[in-house]
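Labels run A, B, C and D following the written order; every chain starts at residue 1.
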Amino acid sequence: MEESVEDVTVHRNMSVNDLIEAYRKIHGFVASEIAKATDILKEMINKADTRFLTFTGNLIATGLRGIIAQLIRNRIFNVVITTCGAIDHDIARAFGGKYQKGYFYANDEELKERNIHRLGNIFIPLESYGPLIERTTYRMMDEILTSTSKNEWSVYSLLMEFGKRIKDENSILKAAFDANVPIFVPGIVDGAFGTALFTYSQLKKFKLDLLSDMKKLSDIVFGAKRLGALIIGGGISKHHAIWWAQFKEGLDYVIYITTAVEWDGSLSGAHPREAITWGKVKPKAKRAIIYGDASVILPIIASQIL
Amino acid sequence: MEESVEDVTVHRNMSVNDLIEAYRKIHGFVASEIAKATDILKEMINKADTRFLTFTGNLIATGLRGIIAQLIRNRIFNVVITTCGAIDHDIARAFGGKYQKGYFYANDEELKERNIHRLGNIFIPLESYGPLIERTTYRMMDEILTSTSKNEWSVYSLLMEFGKRIKDENSILKAAFDANVPIFVPGIVDGAFGTALFTYSQLKKFKLDLLSDMKKLSDIVFGAKRLGALIIGGGISKHHAIWWAQFKEGLDYVIYITTAVEWDGSLSGAHPREAITWGKVKPKAKRAIIYGDASVILPIIASQIL
Amino acid sequence: MEESVEDVTVHRNMSVNDLIEAYRKIHGFVASEIAKATDILKEMINKADTRFLTFTGNLIATGLRGIIAQLIRNRIFNVVITTCGAIDHDIARAFGGKYQKGYFYANDEELKERNIHRLGNIFIPLESYGPLIERTTYRMMDEILTSTSKNEWSVYSLLMEFGKRIKDENSILKAAFDANVPIFVPGIVDGAFGTALFTYSQLKKFKLDLLSDMKKLSDIVFGAKRLGALIIGGGISKHHAIWWAQFKEGLDYVIYITTAVEWDGSLSGAHPREAITWGKVKPKAKRAIIYGDASVILPIIASQIL
Amino acid sequence: MEESVEDVTVHRNMSVNDLIEAYRKIHGFVASEIAKATDILKEMINKADTRFLTFTGNLIATGLRGIIAQLIRNRIFNVVITTCGAIDHDIARAFGGKYQKGYFYANDEELKERNIHRLGNIFIPLESYGPLIERTTYRMMDEILTSTSKNEWSVYSLLMEFGKRIKDENSILKAAFDANVPIFVPGIVDGAFGTALFTYSQLKKFKLDLLSDMKKLSDIVFGAKRLGALIIGGGISKHHAIWWAQFKEGLDYVIYITTAVEWDGSLSGAHPREAITWGKVKPKAKRAIIYGDASVILPIIASQIL
């Protein structure tokens, strides 16, 4: 009855699909969760009508941005929840920001003098970030307010307008517009884009209406039949997805990709099984938790669910 | 010139102050950072006029809530940034919510059936959380709107009104009101309190004005002479404090208490030295990073800076 | 001059080689280290005559055992350092031990009653472990002592004799015998095999001569031209490889795959750059550190260096 | 019936005993484990006749060395299992080695040029380590072999002879000699002391007899009535203690202090509950697991159990 761990071998021309089948046989310890998660996501795509993708902002500073755009464009996921930082990096990169390959153990005081921000092992020249995002946001906002004559905006609909005006196929905002997938940013005020909206609102007639975002999310969740989620990282994006899922008796499918520890009691490190007690994940939900960096894990999984 | 590691001994009646002096001598590996952080915070209290405290919501579900209230009440910190979850737990506990000692490896499906939420190793009966927070928020909001005739609120000023109406000395909202310390919650929509405000706004004439919070934070930061911060945990609270600090050339004093890893490139795991490259921490700032659970670290440090 | 992060896309039929090229472009955060490590290992295979592979015992309880055997059989690595646990699992599985797919959150008291050991998410029936290893070791020892008339043994040469007598192609002991790759186990007394040797030595005339192992390792290191190492996990296996490398001015190529934190000052979490100060890694060594579970990382890398 | 989480306050003159009582009330998340562990250890001291202390070598490079010596000297623990590195640092420091306060983010290539080893945030001049340990070991060995006329030694009895010849009260070897507590080092060949013994054995008539160490451990375990253990860190020291405990149906009391993750299936990260399935910890054992750096945790706990 019990299935045995199986020794595997590998070869140079193996495919990622072969890799996942090897993971399944290897079983221990994270490998088997990747195989399991891939199965769950495949079923989720077929059976859940409402599929959340959540992630932290740092990922959009990496080449994962293209994969995330791909997942959105193909409506593998049809609701996105993320941070203001993700929007910042997406706008910066869509409008020519240079994100360069760097390293973790840089001399940070020297980088500061050279006006280069460090995000993990990525170097971002100052002029590719804050000023570029502010300038772009202002210009876009002028266009949007002029063309729509609307002065109060929910975040998700404002981001749709931004996506409409972006040419970069790897942009998550463009992909979301193209595929009509709403992007929610519950912590919108926390970053360059949010700050630009704030300073813009001091200059022009403009207001954010976050309660409309909640209304939209509420409509999505209450209108859903079955809910699934791929939750990459922790923080507000993770919590917001499972928070809303509770109003529909919880997620039916859920995958966490995380590096956070469980023992500090943080939401970021909490397992899907904790979420069951809050009604955020159904007791019978199909679920997996994958420990590791999303930059490694997501390409493997994404390739098999597209 | 170089100082040597010194072997220490301990005794049953030693004080926490003795403990910190022992940490200083022990030196390796996290111990020395605690001694250093305590020194930095003491200097910060004397020299920085604007002192941020940021923390994640889970801590308010524990007995650390009393210590955090104490730090606020004594204006050791005079600006607070936290999550909606922190407000949720503070309100729930101020109004009779029962937070019970539990354990991590519970049978979560059974807890679900018994209507008990699990937050790490804390058990929270359902009726002590969602319904209690919603009911209390509605009642408070009615009172506040009636007594003030004001329908549009920044979050920090609304929380002041809540604090004014709380009797519990261990409440962070009450302590913040008593000490006139603003509490900012950039992700206010993400939790029970935010959801209650949303549903309330569907019933009554009420609006949140988050841009006023930004205005207030902006005034605080631009009016500051020297900035300090004790940053407990990651996520939006951490980022928001250092984000705003950049507009005043960065923090002069900064302590991180964290369990997050640096290698995944997340903001939560990023070191103070990364923040230097963003102008969020001054190159000459006094800084320390303490790895460990805040439930262990904070009581030690807090006792010496009060 | 600086290279930019590049957005990537993935597709269902991509190869593992494509995956690594995607990692290179994604850059942040662990992804780029995998691409870099693969390059370093390829160069190491060409340029270093002495190539260490070290790993912890738990991996041999998984299907990685086949891959590790493959790496040894092909002399990708020509010196192995591991733990007694690795030998235990290799013998158990070579002689019919049933290692079954289980899960982490089992009821451990119930498993205990059913005489099933749990190793992470792998279930091992008691009769597949201790008794099987003891019985097999005794029988083998009788054979070996009889056929060789030698009563004092270095560990590496005794393990060669075991490998000679194993039929299982996925056995690391058999692969090491077939490829004439010595396996060193500096902590040989710590496990089932070591304990069986000890009890055997109480019954029969037999002695272990660990100093001969050191002599052999010493000959290998002093006879080496260039040293490389793939170090999976921490503990004694990791330390032993870098410890010996210092006597030849350090490793020229080194890759760590780890989940351990640096901040606790442990050897397991120490970076290659710390090893430079000890002369264990050359200042100019090519080096990478990959954070993550070896069950995920090793199949990817191994497939490209075979 | 259920106990509630209690809000606490702290004050400048509080004692470490007050701190632990605060931890008990705070409850979440690691705090409560410290209070629990202290209770368990107090009971263990009264009820278990055989009490293991295991730790990794890096701790002996810090000022914790004094506390560990104190715990041994007072026979709070009466069996020690550790690594060769611990012996290295103990000998180096007992004979004038200078261990200096350093920092993690040093320029390691520069340290290398200055002949300074880095161990986490501790700097150790080369002349305070390898050469000093070798010279001291040779001199001691000459004395010991001459005075005893014994040429084959178990590790624990050889270490007793070393302890007898050390004057430093903070030395764990001296404390172990003074209190007649055996120190076992299953991986004795892995470090400076072990290497010095090996080179010494090439020059003089001398042999290590590790099987005698096993015999002694076996006698201790089979002669024990109740077993307890404080296990600091992972690796071979941890495994060796629980490995031997299985032969007496497992530990009755066990505390782990660790930073290792459970999800990679390593022995270092495995919880006490996994050890139950192996018979290494009794199902009814009193047990706790404390996540954090021992440099912070041990002084707190040690002060209350002395």
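A few remarks follow.
Heads up, the rule we're going with is that a residue touches a chain if its C-beta (ideal position, glycine included) is under 8 Å from a C-beta of that chain, and two chains touch if they have at least 3 such contacts.
Since the model is a prediction, treat every value here as computed from it, not as a measurement.
In this structure subunit A contacts its sequence twin subunit B using mostly the same residue numbers, the overlap exceeding half.
Using mean Cα coordinates as chain centres, the one most removed from subunit A is D.
If you average the CA atoms of subunit B and of subunit C, the two centres end up 44 Å from each other.
Each chain gets one centre point, the mean of its Cα atoms, and the points for subunit C and subunit D are 25 Å apart. Inter-chain spacing, taken between the CA centroids of subunit B and subunit D, is 36 Å.
Of all residues in subunit D, those that touch two or more other chains are 28-30, 58, 61-62, 105, 119-122, 261, 263-265, 273, 291, 293, 295.
Interchain contacts join each chain to each other chain, per the touch definition above. Residues of subunit C that touch subunit A in their complex: 2-19, 22-23, 25-32, 34, 58-59, 61-67, 69-70, 93, 98-101, 105, 119-123, 170, 273, 291-293, 295-297, 299-300, 302-304, 306. The touching residues of subunit B, counted against subunit A in their complex, run 56-58, 61-62, 83, 85, 104, 106, 108-109, 111-112, 116-122, 186-187, 189-191, 194-195, 198, 201-202, 207-208, 210-211, 213-215, 233-236, 239-240, 243, 259-270, 273-274, 276-279, 283, 293-295.
Partner subunit B is touched in their complex by these residues of subunit C: 28-30, 105, 261, 263-265, 291.
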